[in-house]
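The structures considered in this document are given below.
Shared between the two complexes below is chain A, which has chain B as its partner in the first and chain C in the second.
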Partner chain A sequence: MGKQTWKERIPTFASTLGLLVLIAAYYIIGAIRDANVAYGLKAVVNQSVVVALVATGAVFIYTLGSFDISLGAATGVSALLGAMAYNATGSLIVMFLVCIGVAVVIGFINSSLASVFNLPIFVTTVAMMSVLSAFMLILIGWNGAGDTIKVKARDVRPLDNIPFKVSMLVAYIALCWFIFTLLPTGREAKFIGGNPICAKLSGIDEKKLAIIASLISAVGIGLGAFLTIVYAPTLNKDTASSIGMDVIIAIVFGGMPVSGGPRSRILSAVVGAFSMGFLSQIMSMLNLGSGFGQMIKAAIFLLVVFIALGSQRSKLLTR
Partner chain B sequence: MKNLKRTLSMALCLILMLTLTCVPAMAAGSVKIGVLVSDATSSEALAFRAYYTEYIAKAYDVEFIYSDELTDAAGEKSSIENFIVNNCKAVISFSSFDRPAQIEQCDAAGIYYAVATGTLTDEQYEEYKDYEYYVGAIGPSMDIEFQTGYDMAAYYIDQGVTRFGMFGGGVPYYVDMHIYRAAGMLTAMVEKGGEGANYKGADNAGAIIGQIYADGGIDTGKIGNLELVAYVGGYDFNDAWFGKLAQMVGTEGIEAIITVGSGVDVLGGFVAGSGVKLATVDSFTPAMGEAMDSGILDYMAGKFAASIGPIFAATYDAIQGSPIRDSEGCALALGQGFWVATDSEQFQQYSAVDSSNTDPAYTREILDQYAAPGVSFEDFAAFVSQYSFDEIVTLKK
Partner chain C sequence: MKKPSLIRNLLLSLLIPCTVFLVLEMIAFAKGVRLFANADSWKLFFRAVANVTLTTFALSINLDSGRFDFSLGAVSMLSATVAGTLAQQWSIGPWLTLIVAIAVAALLGLVHGGVYVLTRIPPIIVSLGMALFFEGCAFAYTGGKGVSLVTRTDIIGFSRIGNYILVTVIAVSLIVLLFDYTRFGADYRALLSGQKIAVETGIREVGNALGCYAVSGALMGVVGFISLANTGSQQMSLNFGSIGIMFTAFLPMFIGGWIGRYINKRVGIMLGAVSMALISLAYARFDTASSVQSIISALLLVLFLIYLNNEYAILSRFRKKQEIKE
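Showing the complex of A and B:
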């Protein structure tokens, strides 16, 4: 193990470096465009926190080399049922518990089905995505109040503040970091993601880990669902629909390989989610029009990921 | 391979540099206005956008910042946050997932808010009419939406059509304007369907509206001596849904299909050459013109692109420190309807005015004359109420 050169170190920090460059660009462009950069920071947190929560939990699933495409739909269903529970009880605690509980049940069904039928989690989540999307429509129909399910804005407004959201995110990241870094679960998950056959021969129970990963991810989904209601308490069939794709982008943007394995990092999700948040603010300030803006975002995304994954392509043992 | 990587990296960096060098050049417009859109791609949406960005932005030295295509209330809130970051002085909204939240967010941030091509419900208006930063709404009220559907169905009934098909668009999703248009159509059929005509027992507008909200759909069947022989709703865009549309056009004896919107987009291909008359609510775009020329489209109630001119003028007045309020100091709530074309010649006449980026229906000259800062509420309301093609042509003269 020789000492790493700066060239070898760059890819390791590329995603964090990318975030710092985006923050710098945000301030520079904001100054030129006479933007309200202080308010923009609040907007970045508001717009990134749900993706950061869901993506942080999803890191466990991605570390296994698996993939969950139903994250957005699961967040949507949890939020809808949480809102309905609030409307029935008037209790924010009940709403919180229902959001978490529903997400955990969905995560358990996903992973259990995968275990029972011996299928990759990805396959069960594809089916689950369709079921959950249809279920969202049914829930809205049951609610019988038009095409939305609403919680009174004034009831959740006290929680719609940055300190509350950031505390929730920090607490969840700390929990995930503890499990991922200090408990055997994280190491075993990385082992399975890096080399599933070898991990199996070493006695690691892949199915048990898949269930644990889904449940940890579900807590993130539940928290995301709760904050979704707090942020915008009018929910419809498209609520949280973009989260699934945003999570994938955030995780890759954060420098984590989608194939999972030993290079997986909990903080990748947060770095990626906030990078996306700053990038969106920059594109908004540039006012390039959504088409051109999307192309620029794609180019920046490619550049960061290209550099971040640069060191991994030449390595044999890590994927 | 190494060269390829270098080339790729260089290309990406070049794009980024170009973007950054564009920044100072784009810091142009003296007044920034954010625009919320839940539809960024339909011909109608593009026509509205062209009017603002190609005509109004140049005529007034205003910069419009558009949101992405929004799908939920969270997207609306994020977009308004982005507008605030950009120091927008006002928001004009074409998106209605949570209008009260939009108004409250803008009011809290001290930026003006206006509703384009729509209105608030009566309850919402009562709650927000006194908000300092709520400019108001100009667009088809639910009464106008109802009347639009009513007039469409009545037009065919008066021609002797008795067997109808109906496309309900957003009715299953409880889109209010679609429900009201559909209710207008059914009410016309009930009123003109002879003695005892009713729709599922409902024989007046209120009851019919209530019935549609209760069902989340529309049932086929006889309405007096008229008959609704086929109905399709939703925007599923899958094989089964397209199959139902084709089946509707092929229904034996069907004479006309009345649609709450998107008629040409979803039914045009099936209707072509079938002899079935198609009526819709859309806008005066080339695609609709071609449909009318080729006989696919028979009747169109259309929003005209410049119809969003008066709400811009009212918003601009507010930014200039001269908001238009009624005698009680309340925000605007003005109705504005559609232009109706029933033949190709009429359509082309409307379209020529509507599609012009140099001489649109509402030019700066007209807006300055009838909606400049300091205009009274009564004068402005009278100006907005003269929305028919002929009235606007007269105003321009």
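Showing the complex of A and C:
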């Protein structure tokens, strides 16, 4: 095999390059507009860290060639139950454990349903999303305190700081990277995503891996739910509702193929989540308005994915 | 081999809608209410049939070819927004507004398809980008205010049972004609069953895909107009707020697939939509809370999928029991 030219290498680094360009653009536009760059940076981290946590875990699911649209609703339910547990006990540790525990139970139900009954995972997660969103409404109704479930802001304020959030994200990424890169689980997941028939014939248990992937992802959802409460302690029916789609966008933006397989990378999720965060912040600095801002965001998203695809385009239309 | 009779096929294809109707009638009887109590019930039913049928067609046209489309709701929203605004500015009547909505939606579908075939990005990803883009366009076009046609009694007056039936029958007939009796439909089916061979035999895949996106878009234009005429307004959504409409189409699509074994698949989808519309009517008549509605619909979807994906195992177990009894 010959040496790759720089043109051939661009797609590999397109996402990381995209993030670097966005960071540079953020500082340049911030300087021109005389914006409070440090404050904006804090907003980027606060917005991106939850998406990055959920998306990092979701990489395991996507690597298998699966798809989960219920991640946002799962985060919302975990956060609501975590907040209710805190209000009942006054313990942040209980809140943390409930967030993780609920997410794990949801992940287990999701993956078991799909594995045991051979259901298409995407439709299962669509159904799960409806159930979980409805469950959020029921939980808020049960709580009997209007349209929200609140945790006292002063109780969680000590944790609402960037070093705590970033260290939680780094620890989770390190754990996922270890499992994904150094343990057989990651290799087997890539194998299944790349060639499911061959992987099955080689003795890899697809159902077992689907459950493991969901459980690893559930830990990310639980952590995301915990940080959601810390950042915005007044929760309502829309809490974390956009995370499910943000995760898909982040993973794709980060350069991971949505079909999974050997090109999957743990860091894609982080690169994508922070790229989206910087992009949103740039849009608000430019004061373009929500509509135009979203149009430009969509165009940049498609452009980055287009570049990242590189020479992988086939003659036939992709399906 | 003995050919299955037409009557048997007809009975099997009506099995699900009839069962749904009977079960719901029994529940209604037990609750002391009537499913079709007044003209409003009929209107709600036929509106649901029209919306669900057209959305399911729009989804399945591309999904059957492996092209998932998240942008259906956004196309419906943007086309209704443009058509509603023009109706207000030019004082055009309901039918012309409907035609404008269809034309705009077909154009949006074509743009979506164009981006897909030019970039060769996987369709699900393109649809995410296009959903965001169209939502942004609608928001920017109206400044986030949406469209209000509450003073346009002629457009609101479109919401009549006769119009719903007319629109549904025309759309289903055109879809059956296009996909079952034209060269386009034959190419579509060939690409569906063997993409590589079909392309190698000279079928124009790009043109066919563009056509599918345009037809799918046009159908969502009708859905958008029906919603606009019914509520007299079009609200804006951002950040994928428009994708919910797509999820109503999954259950009828799978039911349609099952019925399609016994009758034309397109008719199967319509019968699936009728079943779904009966359920929607029942939710309204029984005053079911929206959270409970979501849970019941999701459970029905999962239960039906469990049956579909394990049909062979379930039926063979059932047959074994029969044999043991005999």
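Methods note: the second predicted complex is superposed on the first by the 312 of 319 C-alpha atoms of A that agree within 3 Å, B and C clash if a C-alpha of one lies under 4 Å from a C-alpha of the other, contacts with A are read in each partner's own complex, and residues count from 1 in each chain.
FYI, a residue touches a chain if its C-beta (ideal position, glycine included) is under 8 Å from a C-beta of that chain, and two chains touch if they have at least 3 such contacts.
The model shown is predicted, which means the values in this text are computed figures rather than measured ones.
Asker: Go through the superposed model and pick first if A:K297 touches only chain B, second if only chain C, both, or neither.
Answerer: Touch partner of A:K297: chain C, not chain B.
Asker: Just checking: does A:Q47 make contact with chain B only, chain C only, both, or neither of them? Give me first, second, both or neither.
Answerer: first
Asker: Scan A:T124 for contacts with chain B and chain C and give back first, second, both or neither.
Answerer: second
Asker: Scan A:S133 for contacts with chain B and chain C and give back first, second, both or neither.
Answerer: second
Asker: Quick check on the superposed pair: does A:D34 touch chain B, chain C, both, or neither? Answer first, second, both or neither.
Answerer: Touch status of A:D34: first partner only.
Asker: Considering only touches as defined above, state whether A:F306 meets chain B (first), chain C (second), both or neither.
Answerer: both
Asker: Contacts for A:N236 in the overlay, against chain B (first) and chain C (second): which applies, first, second, both or neither?
Answerer: first
Asker: Touching A:S284, do we find chain B (first), chain C (second), both, or neither?
Answerer: first
Asker: So chain A touches chain B in one structure and chain C in the other; where do those two contact lists coincide?
Answerer: On chain A, the overlap between the chain B and chain C contacts is residues 141, 242, 289-290, 295-296, 299, 302, 306.
Asker: Note which residues of chain C are touching chain A in the complex, please.
Answerer: It comes out as residues 65-67, 115-117, 119-126, 128-130, 132-133, 135-141, 143-144, 195-196, 199, 205-206, 209, 238-240, 243, 247, 250, 254, 290-295, 297-299, 301-302, 305-306, 309-310.
Asker: For a test of understanding, state which residues of chain A touch chain C in their complex under the given definition.
Answerer: Residue list for chain A touching chain C: 113, 117-120, 123-124, 126-131, 133-135, 137-138, 141, 242, 245, 248-249, 252, 257-259, 289-299, 301-302, 305-306, 309, 313-319.
Asker: Spell out the part of chain B that touches chain A in their complex, as residue ranges.
Answerer: Residue positions touching the partner: 5, 8-9, 12-13, 15-16, 19-20, 22-24, 26-27, 40, 63, 65-66, 68-69, 71-74, 76-78, 81-82, 84-87, 97-98, 100-101, 104, 173-176, 213, 216.
Asker: Applying the document's contact rule, which stretches of chain A touch chain B when the two form their complex?
Answerer: 25, 29-30, 32-37, 39-40, 42-43, 46-47, 141, 146-148, 150, 153, 228, 231-242, 280-281, 284-290, 295-296, 299-300, 302-303, 306
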